[in-house]
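The following pair of complexes shares a single chain, subunit A, combined with subunit B in the former and subunit C in the latter.
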Partner chain A sequence: MRTIWAISREMLMELIRKKDFYVLLILMLVLLGFLSSQSFFQVQGVERYIRDFGYSLVMFFSFLIAVIFCAKQLPAEIESRTIYPLLAKPLSRFKLILGKYTGGVMVSAIAFTLFYSVYAAFYILGGGGRNFVLLFQGYIFGVMFLCMVAALVIFLSNFLTMSANVALSALLYVVINGFSTVLRDGALMYKGPVSVLYGIMYYLVPHLEFYDLRIRIAHGWDPVIAWVVWAVIVYTFVYCFFLLYFAGLIFKRKRL
Partner chain B sequence: MRTKTLLVILFWLAATILIAPRVDVYDHTYVSARQTADMPALVQLLGEARSIVSNMSLLQADLYMHGGVGHFEDEHGIAIIDPENLEEHVDKHKEVKAPEGYVALGEMGYVRPYNILLRMSDLIDISEHIHLQGEDMKEIVPWLYYSVKIDPHNVLAITLTSYYLSEWFGKPDEAFGVLRDGLKNNPDSWQINAELGRMYFTHTGDYETAVRYLSRAYEFLMRSDHDKFEERYVLTYLIRSYEALGQEEKTLPMYKRLNELFPQAAIFQERIRQLSHG
Partner chain C sequence: MEQVLTVKDLFYTYESGRSRVEALRGISFSVNEGEIFGFIGPNGAGKTTTIKHLLGILNKQKGELSVLNGDPADPSTRKKVGYMPETADYYRYLTPGELLLIYGDIFGIKRSVLRPRIKELLDLVDISYASGRLMKTFSKGMMQKVSFAQALINDPDLLILDEPTGGLDPVARRKMRDVIHTLRERGKTVFFSSHELSEVELVSDRIAILNKGRLMAFGPVKELLGGKEEAETLENYFLNIIEGGA
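Up next is the complex of A and B:
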């Protein structure tokens, strides 16, 4: 446990030392401030547009932090050969993967918390109906989203360089968001083996779209019902467990 | 080597950013009104893509109108074609009744209760169909604004924006501003001329100006492809403007034209008879 914490702390220090996070935070403040000050044909009290844009910005920036920080961990350690003294500690490869994952989640969750706090301030201070349950659900779903993204990126970093991993993760995000409904509809509309095939594919794909509460928050819909929130949390943990288990298994067999 | 590559990329990027806004593919006399210099630099940089972005912004306004969820296109379609069938049609979108041992997933179908991911997906997604009402309508304004600003030649965006500003948000002055700017960029648009005419008729009582714009709109309309409903729209406001000015005799040829377009409408025949007999 101590070794995992030590690896995670290193990543956390990296977040503090590097400028990426501060740049994104300032950019977000500037963009949201600018949009809030915009006037559209003298029509007052326009809120949903800022809520919508702000939420997208929070998720996108947090996604960037998670992907960039997680994608560079293993390839950088291998390239600079710092992995050898690390594994000689002694530290099992599974623990190394777990440490990198925990660090990735911590870093992105802290960044997300700060981004989300800024967003929440705009949400609360702006006019219109406020739904604090939904705002809290948005936070929980955001953290779960980052857990999933970090696990996925750590898993992929077994095979890919940092740049390829970042590109593929972004592509996966777009594709999954756009096409998982196609799989769902296929599973529901067709009958027999085709439906089963669609269903299997649907279960295998990591459902990053589950975590997106943008429309609910921006347009003031009702919060997600409680059992679904719990189901999403359980789903995230189960999926991450399998991703990390296989990541560890592959990394264990990898020649360094 | 890396620094050199980076410098080359930066140079080309800078060159593109500096040159792209200066390129105006419409730089000829007919469309001399298309002054790119009036647009913000970022919009200039979009080039011809601004037409696509502008339309996307308009679609976003439509999405906001439906609470961010979108709408059943066929539902709106049938509402226009046959309002009597609307209720029956909407019924088709009601939830499917699941057989025993299954759970219904909205209108999509039904699954076994243990098919948890599909059920979660159904409950996270929003499948309700709403239209914004009252105060909430203002939420579409930013997208209309961007649609108009990004592409000053998007006539649909201009007329829609002015309509919502004047009729929904009580901002006729802003609506006039949008239309006047729109007319500068699209002087031959019958839609903008017609909308200006309608605005003068409805909001100012300046019927002479209304007649001027509507006559011009009719002239441009006749030069372009159009349907009989568009023609009726312009003629109706033109007739009403002439009638408000007390120049009813000028409306006779218009009623005759409307009668040609809609021979079944007894009201036009009646009016022609009245005007013909003084």
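Up next is the complex of A and C:
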């Protein structure tokens, strides 16, 4: 555990000392502040829009931090050759992957916590009600989302450069969020091998849309029922376990 | 004398584009406990490939390897091994002390031992004046000093140095030489590769010369140099061997 924490600590120091995170935080404050001022001027129905947009902003910025931090880890370590003194230590490649993953989750979760706190403050002060259970669920789902994204990006970084990984992850995010139901519908609509193919694809893709509570939070609906929350948590852990296991296997065979 | 490192009939080939590169062609040598062993050869000779095998970074394809009586692929074998890479570039958003703390944690060294050790090492390599600075502001020579310090963090029994003096000024080179000699006096083994033949001649007990993946010569420096009429210096000897074997 100490080894994994040691590896992830380097990523945390980078988050604190680089400007990227602060820029995103300020940008979010400015955007939410601007939108809230529209509410002050009594533009009709703008509160819901602010809640919707603000939530998307929080998720997108946290996603960006998770992807950028995780995507550069292995390629940058290999390119700058910092990987060699690291692997010359009593450290297996699996532990290295796990350390990088923990670091990625940690930095993005810290960033998300701050972003989400700002959002929650705007939400409550802006008349969104005191639906703390729903807001807490939004937080849990957000952290699970980042766990999933970090695992996916670390897995992909075995094959891709940082820029390719960021681009592909962003594309996957958009495609899965927008079109995963197409796969489910395809599995139900068609018959025979085509249906099986759609079904397999549906179950294989990481369902990033599971974590999206945007509409529920924006409209102030009831919280998600407890078993669904637990199911999403279990789904995340199982999926991440397999992604990291295969990432470790591939990285172990990689010629450095 | 116990052998801390043995390499026997080590082969390594890899694909580069459409061609097949034979990086190591059956090299064999051993390093005794408490000696300073120089590993020399021209660029592309296979030195770094050999070192990567010794550190378990590359998996052996054919041959036998033993480091401190263990398999280098097993992470626990590396607990008493220190390694300084050829190109030193460390995490730019850390200070040297933070880097050493991370590496010390990976070795599982207790914090109560680690803190004073870090201070001692930063003093040893003359970098303590910059201990609070982020490494992104460091010159190549400063990075090289940090690199040497991190190789010593676990008080290794076997120290593997890949081109250790590149980028160092003469004072720092001499200091490193002194440290290497002190380590030998304490019974540590030092294995180092270098292009600086005068450096190798000065510090090594025994050497191995590698060219195009083959071991061309192996033995005590004095014995090797004494065996040839024209070869008074290691540089002459090295050039004769490399050009003769080309």
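Here is the rule we go by: the second predicted complex is superposed on the first by the 243 of 256 C-alpha atoms of A that agree within 3 Å, B and C clash if a C-alpha of one lies under 4 Å from a C-alpha of the other, contacts with A are read in each partner's own complex, and residues count from 1 in each chain.
Convention: a contact is a pair of C-beta atoms (placed from the backbone, for glycine too) under 8 Å apart; a residue touches a chain by one contact, two chains touch by 3 or more.
In this text, all values refer to a predicted model and were calculated from it rather than measured experimentally.
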Exercise. Overlaying the two complexes on subunit A, which is it for subunit B and subunit C: clash or fit?
Worked result: fit
Exercise. Looking at the overlay, does A:20 come into contact with subunit B only (first), subunit C only (second), both, or neither?
Worked result: neither
Problem set entry | subunit B versus subunit C, judged by how many residues of subunit A each one touches | B
For this session: Determine, under the contact definition given at the top, whether A:46 touches first (subunit B), second (subunit C), both, or neither.
Result: first
For this session: Name the contact category of A:3: first (subunit B only), second (subunit C only), both, or neither.
Result: second
Exercise. Anyone got the angle at subunit A's C-alpha centre between subunit B and subunit C, nearest 10 degrees?
Worked result: 150
Seminar exercise, completed: Shortest Cα gap between subunit B and subunit C in the overlay, whole Å, is 19
For this session: Name the residues of subunit A shared by its contacts with subunit B and its contacts with subunit C.
Result: none
For this session: Over in the complex, which subunit B residues touch subunit A? Could you list them?
Result: 64, 67-69, 105, 108-109, 111, 115-118, 120-121, 123-124, 126, 135, 138-139, 141-145, 161, 165, 169, 171, 174, 178
Exercise. Mind pulling up the subunit A residues that touch subunit B in the complex?
Worked result: 38, 40-49, 52, 180-181, 184-185, 187-189, 199, 202-203, 207, 209-210, 214-216, 218-219, 221, 224-225, 228, 231-232, 235
Exercise. For subunit A, which residues are in contact with subunit C within the complex?
Worked result: 2-3, 5-7, 9-10, 13-14, 17-18, 80-82, 84-92, 255-256
For this session: Under the touch definition given earlier, write down the residues of subunit C that touch subunit A in their complex.
Result: 14, 52, 55-58, 75-79, 81, 83-87, 89-91, 93-94, 98, 101-103, 105-108, 134, 147, 150-151, 154, 160
